[in-house]
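Shared between the two complexes below is chain A, which pairs with chain B and chain C, respectively.
So, the complex of A and B:
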């Protein structure tokens, strides 16, 4: 029976919040480091994809260039530790600010392009940065940056014997980015972004400055992405260009969000929650067999999922909700007819 | 009874697949834990641009394990005549795919050590993967045997649990410069200038740096330095840069399929220097060499093994027979054989230590010189930092599809063709 005081939408939100409150307890439930690794990656990739979702989902500008910002964040943290022998925190801050500045500078001309042309331009930007960083000795070039063995803990943002520290950092990152996007959804700026997505000319005719909105959206998206990149570097204790600043990495931002449900708050989480375990467990189980069996199975599962539900995981969620609602209505109808 | 809709059924099927995936995921192998076994993890690039090389490295470790676990009186390598080690312990391999990526290699090293409970690791072919993966092992005080990664930096980290069998790109660079001096002396070669082409990776960049250092120390002038992105689809501009500079000699650090592309692009550009010497690379790959046919001829490179070394390493033939059953008839190459040696030396050290105490085995590894009939020179010994100081390689030249031993002269079985014949005169 539905309580009159609780609206259905509120019930879903309460469920989501309940899920979030349980997240801090995960390390107590599983001490298994591989499962912890998978959960950390889910939180990280959900956060990365949510950061992309700001510009790609809410603002409708499909960018394949986010690995550039991710890489800038990773190099910021990596250089602070490896090149300058300090703590990662100042590097993270510099990386976040720099990523936002770079995003604005490179996006300003690109936003004059629309649709597919914008996407193609962002592809090219990744390639330019990728090749530049590969030959740039100051950032480690092709050798990359390998972290030294330093004291573990929050000060150096690295842990060796346990993943619990990384888990809580990933959780904070997740809450920060999801919280920001949730706040944006109800904010005037969020409406501006959606207006630009639905029709730039229409939005402009209503007084929305689409260029400013898009630049602000990509700056925010890039800054949050850089934060994720810094965490990725601290987690892997290595930064190199193919790892953090590649088309491969850029595709992950898009794939997870589209799979989960673009332009929705829970979409990136759903996408990461499905895609990351699939990627990690297929590799763990079948990777050693060689011949890419794991990648074939992984690919087939993605195809199956996309064919079954083109709207993404969020589409499945809506379909299930619709089915439950229908069943409830049918049950009420039967009760009204006096059926048992 | 209610009938489920076809849509629902297909979703149930889909979720069942996911369930199977998770249920039989990592950890399923722990059933073996109660048996008298030693689990060893392997991490190689089984997919990606250097997958064939990685798969052969994996097959080499499997071959070594087959010899260790079973009686093979016909094979003349240590441990072949007995069954298992430590009075009946058998080695069980747990394989992982690094995809040639550093982050994946690191994650797999953690999974193998924490989840699968492997006792030691072997890998990872790519130096950029060996580095973070061995870092994980070092932190967890577990042995990491590295067969073929050649970046000199790997053994300059002063790690305690890391051991590398192959010669480094630093020693190879010195050898290459010696070859150039020898050519100048012997053949009145007048090689003065050098060009370096390398993939922009941990391996390539290090090789190029060592090449430049050794060249300058040897009195040669490096006049061009050409990096390229691994997995390139086009090397026209890189080859044109080399052609324009026209160095007398080229030193190459070009892996896998990139090597074929490089050779074919040079043919297209109708240019060759007087001599080309390669680091452990596509040059050593017998499959790539076969694919290139006559175009591969007269290129040179260093190698720890090729089938033409049979007279120097008579014990290899019987081992190679087993190996070839796993690789569809492809013989050992200089890289894969080092991975077999890594496994065999580790097993010998466990046997000699008489214990599975990692500290004891590490101490034993450092304190002894190991018989290794699968190694050129027949011995293995480790210096501080884990480098095999007995590692040797021979500079060979491909002549009619065969690796002819050229340098050092005392090990030669052929004469160098110098300068390389032009593309149109074969």
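So, the complex of A and C:
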């Protein structure tokens, strides 16, 4: 029945993960730190988008507020290191918990709004947080937080010489978040999230408390997003509001997932694998043309995708596979007919 | 004691009274038909019992507990589960996954839920369609899916809202068989039907609504001879003729 397909898919994933684990052993990759940088960002943004995918894709509540949770995680790590001069770890933990709490507190009233109104409300929330953090001195205000030079390694979660340490951290993050979503897909909570997306009243008629499902989904999504934010701060050695807690950042969660295919496990990875190299290489090569070239291309791609294949890249993949399968069946049918 | 006890339930939408002090009981293990012409307030009453509407007055007692004003999911968890008249498949999920959502009500264990879902799919003859997205089913298939999904929750009281409407006569036959099988399995059923023919032969009791008011509550064979019921369905003229013929001994 269903199980066979899932196992086969998991085998592909395991193979892919094994490849990722060995990637830093390829000297050609590690020698060019820019390629390494792009790969790290792909893993990071795939993880972020997968965290968003929990509430936005599987549970169907499109949030433009995820940069708030991302920012809380980033500030958690940043303040632990810069303001309090310690290790980032306690700050990361506080950030993760705080992001989940903030998510529940702001979502509870917003979930009373349905459909597009929820999305619009989350826009407003980003703006509120953005403005507040920009003028709040305790969190660094408009200047932001700049990391001091400390001893590199896992204790401080910082590396200077090579990016290999960061790479493995990003890989762990990726495995944690993709693993969580893969696990959810096959369990009651995952089915409940999809049921709420497809029909809230129907789900309720079957005994599903849709409010609790949505709140739990956004709490989990926010906590995982904050974890990504913390990594982002450690990687950039800097935190400021426009960088982590802005509509620009919020849009990336949504665009990557929608481009790849929302509500699917592989979608966020596909989206990140296309958009992130695009973003980084256009920035590097066409940066002189003024900022925003990457965003123009982003925009064009999204328009194309939404018009041609709303299910995202994974939708294209399925459509192509279906066509090939059909052709194969047709070809076999012909040869069978042609046989004497 | 009755499994479901509806007491003086009144539902007003502004000035419009959709249900006016409706009372009846559903005995454990029985099949109760709720019938009435269009606009009689059947679905409104159904929505009140299942928590989708909060009645303006009266009380609903289920399995000894006052459930008036409970939310739909609370009522479902207590064991009173419904289907929808206007089918509501979880469109992008497969038929199997739809039923699985229902099966997860009583267990969080995957193996148990999968087994329960498979069982209900088989009862409702959906095996050949189980891998299809629910949105792609025919109307008859969607109605059967509604039934399978509700059944998967292992309800004490299964409330079917026009589950046979829009079905072919063969499909109606199959549905009747399924319903009888469910009752044998110990499930109490309350069935809203617009068409009398489907429900009459299998119901233990019929409750008839007209204009929001209960006009009769009796065994089916007595309901078909009830003047007020005939009048509600067929008009006053026919009722008079029916009465005259009955008195003349033309109809037994």
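Of note:
We adopt the following convention: the second predicted complex is superposed on the first by the 280 of 340 C-alpha atoms of A that agree within 3 Å, B and C clash if a C-alpha of one lies under 4 Å from a C-alpha of the other, contacts with A are read in each partner's own complex, and residues count from 1 in each chain.
The rule we apply is simple: a contact is a pair of C-beta atoms (placed from the backbone, for glycine too) under 8 Å apart; a residue touches a chain by one contact, two chains touch by 3 or more.
In this text, all values refer to a predicted model and were calculated from it rather than measured experimentally.
With both structures placed on the common chain, the touch criterion links A:187 to chain C but leaves chain B unconnected. By the touch criterion stated above, A:24 is placed in contact with neither chain B nor chain C. By the document's definition of touching, of the two partners only chain B reaches A:295; chain C does not. Residue contacts after overlaying the shared chain place A:131 against chain B, while chain C stays out of touching range. After overlaying the two complexes on the shared chain, residue contacts for A:149 are found with chain B alone; chain C is out of touch.
Once the two complexes are laid over each other on the shared chain, residue contacts for A:209 go to chain C alone; chain B is not touched. When the two complexes are overlaid on their common chain A, residue A:198 makes contact with chain C while staying clear of chain B. A count of residues in chain A touched by chain B and by chain C gives the higher number to B.
In the superposition on chain A, no residue of chain A contacts both chain B and chain C. Chain A meets chain B in the complex at residues 32-34, 37, 130-131, 134-135, 141-144, 146, 149, 160-161, 232, 236-238, 240, 242-243, 277-278, 280-285, 287-292, 294-295, 301, 304-305, 308. Of all the residues in chain B, the ones that touch chain A in their complex are 10-11, 14, 17-18, 21-22, 24-28, 42, 46-47, 51, 54-55, 58, 94-97, 101-104, 106-108, 110-111, 114-115, 128, 131-132, 135, 139, 153, 200-202, 204-206, 227, 229-230.
Partner chain A is touched in their complex by these residues of chain C: 50, 52, 71-73, 76-77, 81-82, 84, 88-93, 96-97, 100-102, 104-105, 108, 110, 113, 131, 149-150, 153. Taken together, the chain A residues at the contact with chain C in this complex read 1-2, 186-188, 191-192, 194-195, 198-199, 201-210.
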